[in-house]
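Paired with chain B in one complex and with chain C in the other, chain A is shared by the two complexes that follow.
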Partner chain A sequence: MNFLAASIESLGAKVTGWFTVGYGIFAFLAKAVLLLLLDRTIWNRATFDVVIKQVYFTSVQILHVFLGYALVISWLIITIILSTARDFGLTEFASEMTIRVLVLELLPFLTALFIALRSGSAINTEIALMQVNNELDALAHCKVPPMQFEFLPRLIGGVISVITLAGLAGLLALLLAYLSIYGLSMAGFEPFTQTFAKIFNLQIMAGLIAKCALFGLAVTLIPITAGLETPKKLFMVPVSVLRGMMRVFFAIVAIEVVSLALKYI
Partner chain B sequence: MNTLHFKVGLFAAASLLLAGVFLVYLLHARGFFEDTVHLQLAAASADGVAPGVPVVFSGIEIGRVTTLGLNDNGGIIIHTEFLARNAKWLKENSSFTLDKPIVGGAKIRVDSPDLNAPALPDNATMLLTTSDVSKEIPVLVERVKAILANVEHLTRKDGEINATLANVKTVTGRMTGEYGVLESVLGSPEKARAVTDSLDKTRALITKLDGMALKMDGMATKADRWLFASGGIADQASGSMAQVRLMLTDAQASLKKADALMANAVAISADVKEGTQDIAKLRAEIDDAVRKANALVNEINKMWPFARDPEVNLP
Partner chain C sequence: MLAAVAALPDDVARVALDLPLRANLSALDNIALIPLYQSHFDATESTRQAQAMLERLGFAGIAPLRDPDMTPAQRFATQLARALILQRPRLVIDRPGAMLYDVPYPAFIRQLAEQAAMTGTWEIYDFSWNQPLYNQALDSE
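What follows is the complex of A and B.
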């Protein structure tokens, strides 16, 4: 009886914990969005500079590595799809399949994972250390609100980075798909354009951009909130990063699953 | 100059430029800068047609179905849309076929046999025919089933083909026997032997008749000489000679019977070529024999003038 009560209690504690974390994340997001929309004073040069720095560290710095990685993975997937389609005599569907698999699903997902691994973990550690060392309180004390100069620029930078990098990788994959299917000639331009036009309607484009924006938010917002809830003990920093990264991973998978469900179900 | 800002600026500019190019390409692909041409297709059934079904020309998609609905007479009207650059493939003599392959979605196929024909005007109405492979399959299967049942019926254990083959085997087996084709036609070696025996006997009879005719010749000459040497004996002899003639007529009748028998044998074996040739040869021999006998009788008649005409002048 005691055991049953104990397990129910631990389950309740876990659920409460999840709700607290979810509430913390959404409350933080609401605060950031409200600040962004309502407070005109934050639109100044200083904030803009921080945003530019964040974009630089999150996307420009890794651009060549990321594009090389996207090139290799796109080339592999395109080759696999084309050879399978040829084997089954379904070549006419190969270009559509390539675009749908790579540009719409795989590349945005991989971009989000890439940025989460590189920038998300860094943001989480940085915020957790600042929290442990009381730097955030010090900043607030010096009339440098951390929301405006630390958190909001990271959120904006994350969203911009994921959208841009996923878009660039998608364009690269489109080019690669065209070259793999039709080679270096303009002969396939018309049919390729037809397929392209068939896939990219307004809903798909809006869905793709929204998905990338959500990915961008997830890989920055969740590490920030995870860092902020770190207890003020140095040994809790790795635990905070671990928890934050797990949440980021679940959030990315959840966004992908929901977007697929909305598109195909 | 701030390197960091320059790099971010370059990145932003390149990304924006690519996004702009992408947007323009997307709008071009979706026909934003072009007029669209509409076409109505009248069909008996809208089975498998839905908005978005492609219209293909030579395997390349040139347009798609936008909406479909019923008209006042209960017919199906399918509205299709084409970009202006693709509308040149639609001619007044184009045919529109609804293709429903076993694998893949339905599509409307356009065939334009004469590309020099006048182009279809906007909002024209054309007839949509259906070529549904999957609908023909059950019919085909039924027919194949019926054919297979027939073949099975023919080749069953006690079937016609087996019986026929068994008969052919019996006939060819007999053909390899002592009496060959004759045995195969008549059914058993005994019957075939009977026919050959009767033929042998006929031949012997003919030989005897030949001999008798020679003797008759000699006898007639002697009788002539004898008769003409001393008159009056002819009257006595005429009675016995008349008997000889009767006997010869009998012989003729019996030969005619043999002739009829042979005619029957020839008729029986009429469809067996080689057999017919053998029997025809025998028949010819018998004909010959009969003719000889006839000639003999005629000769006797000729040489016995007083029997027919007692007042004939003597040479």
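What follows is the complex of A and C.
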């Protein structure tokens, strides 16, 4: 009986904890969005410069590595799709399959994972260290708004980076798919562009951009809030990063699952 | 004493161990943040003001250094420059011994104050048992 009560109590505490974390994340997001929309002073050169710096660190700096990785993954998946399609006599569906699997689903998902592992973990660690070392208190004492100087540029940079990198990887995959299916001939240009146009209607495009934007938010917003939750003890920094990255992973998977369900169910 | 420091009003600029520099920014950028975000100067003007403040304190050479690469005296000078550029009427230096553990700090702070030649009040909050250090600094003049 005691075991049952303890289990229920533990489960209740966990559920309450999840709600508290969720509330914290959405409250932070609401604060950031309201500040962006209502405070005109935020739109200045200083904020713009920090956003540019964040976009550079998050996407430009790793562009060659990322494109190489996207190229290898795309080539492998396209080869698998093509050979399976040939085996089943469904070659005419190969381009559609490639676009749906790679460009719409796999590449945005892998882009989000890539940015989460590289930048999300760094953001989580940095914010946690700032919290532990009182750097945020020091900024507040100097009346330098951390939201404007530290957090918003990372959120905006994350969203821009995921959308741009997923877009670039998608373009690369499209080019690779065309070359794999039709070779260097222009003969396949018309059917390929027709398939492309059939899939990429306005709704799908808007959905893809919204999904990438949500991925971008997840890989920056969650690490920031996890970092801010860190108690002022240095040994809690790894725990904060661990928690933050687990939440990022669940959020990315949840966004992908919801996106698939909305599209195909 | 700690309660007195904690209760200080907003118009006081503090230099304290618990108000560190932003670790991933250079000394210059740490100081330039203030004119950039408070007075909305552009980056060039903010950097110029920050450099001028460091020069005034006699620490122009530390501009590119980040916090972990600074000596305690350089770190203190940067924190002081950041507090001075806030242009608040009072400046409180909170337990300087905790920040300047490798220099005779009363004399060092006096030297910085003379170089800064700022208007306004500088107050030092320190433990009573460190009083002889201040007396020594005064006696040596």
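By our rule, the second predicted complex is superposed on the first by the 265 of 265 C-alpha atoms of A that agree within 3 Å, B and C clash if a C-alpha of one lies under 4 Å from a C-alpha of the other, contacts with A are read in each partner's own complex, and residues count from 1 in each chain.
Just so it is clear, a residue touches a chain if its C-beta (ideal position, glycine included) is under 8 Å from a C-beta of that chain, and two chains touch if they have at least 3 such contacts.
Quick caveat, the model's predicted, so the values are computed rather than measured.
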Check your understanding: Since both structures carry chain A, what do chain B and chain C do when superposed there: clash or fit?
Key -> fit
Review point. Of the two partner chains, chain B (first) and chain C (second), which one does A:Tyr56 touch, if any: first, second, both, or neither?
Key: first
Check your understanding: Should A:Thr16 be classified as contacting the first partner (chain B), the second (chain C), both, or neither?
Key -> neither
Exercise for review: Using the touch definition from the top, say if A:Glu126 reaches chain B (first), chain C (second), both or neither.
Suggested key: second
Exercise for review: Quick one: classify A:Phe149 as touching chain B (first), chain C (second), both or neither.
Suggested key: second
Review point. Using only C-alpha centres after the superposition, what angle do chain B and chain C make about chain A, to the nearest 10 degrees?
Key: 170
Exercise for review: Quick one: classify A:Gln203 as touching chain B (first), chain C (second), both or neither.
Suggested key: neither
Exercise for review: Scan A:Glu190 for contacts with chain B and chain C and give back first, second, both or neither.
Suggested key: first
Practice item. Please indicate which partner A:Leu171 is in contact with in the superposed arrangement: first for chain B, second for chain C, both, or neither. Key: first
Revision key, fill the gap. Once superposed, chain B sits from chain C at a minimum Cα distance (Å) of 13
Review point. Residues on chain A in contact with chain B in one complex and with chain C in the other?
Key: none
Check your understanding: Residues of chain A touching chain C in their complex?
Key -> 41, 44-46, 49, 126, 129-130, 133-135, 137-139, 141-145, 148-149
Point to revise | In the complex with chain B, residue positions of chain A that touch it | key: 52-53, 55-56, 59-60, 63, 90, 92-93, 164, 167-168, 171, 190-191, 193-198, 200-201, 205
Revision key, fill the gap. As the complex stands, chain C meets chain A at residues 14, 18-24, 33-34, 36-38, 40, 42-43, 82, 86
**Study point:** Sites on chain B touched by chain A in the complex
**Key:** 4-5, 7-8, 11-12, 15, 18-19, 22, 25-26, 28-31, 54, 59-62, 64, 103-104
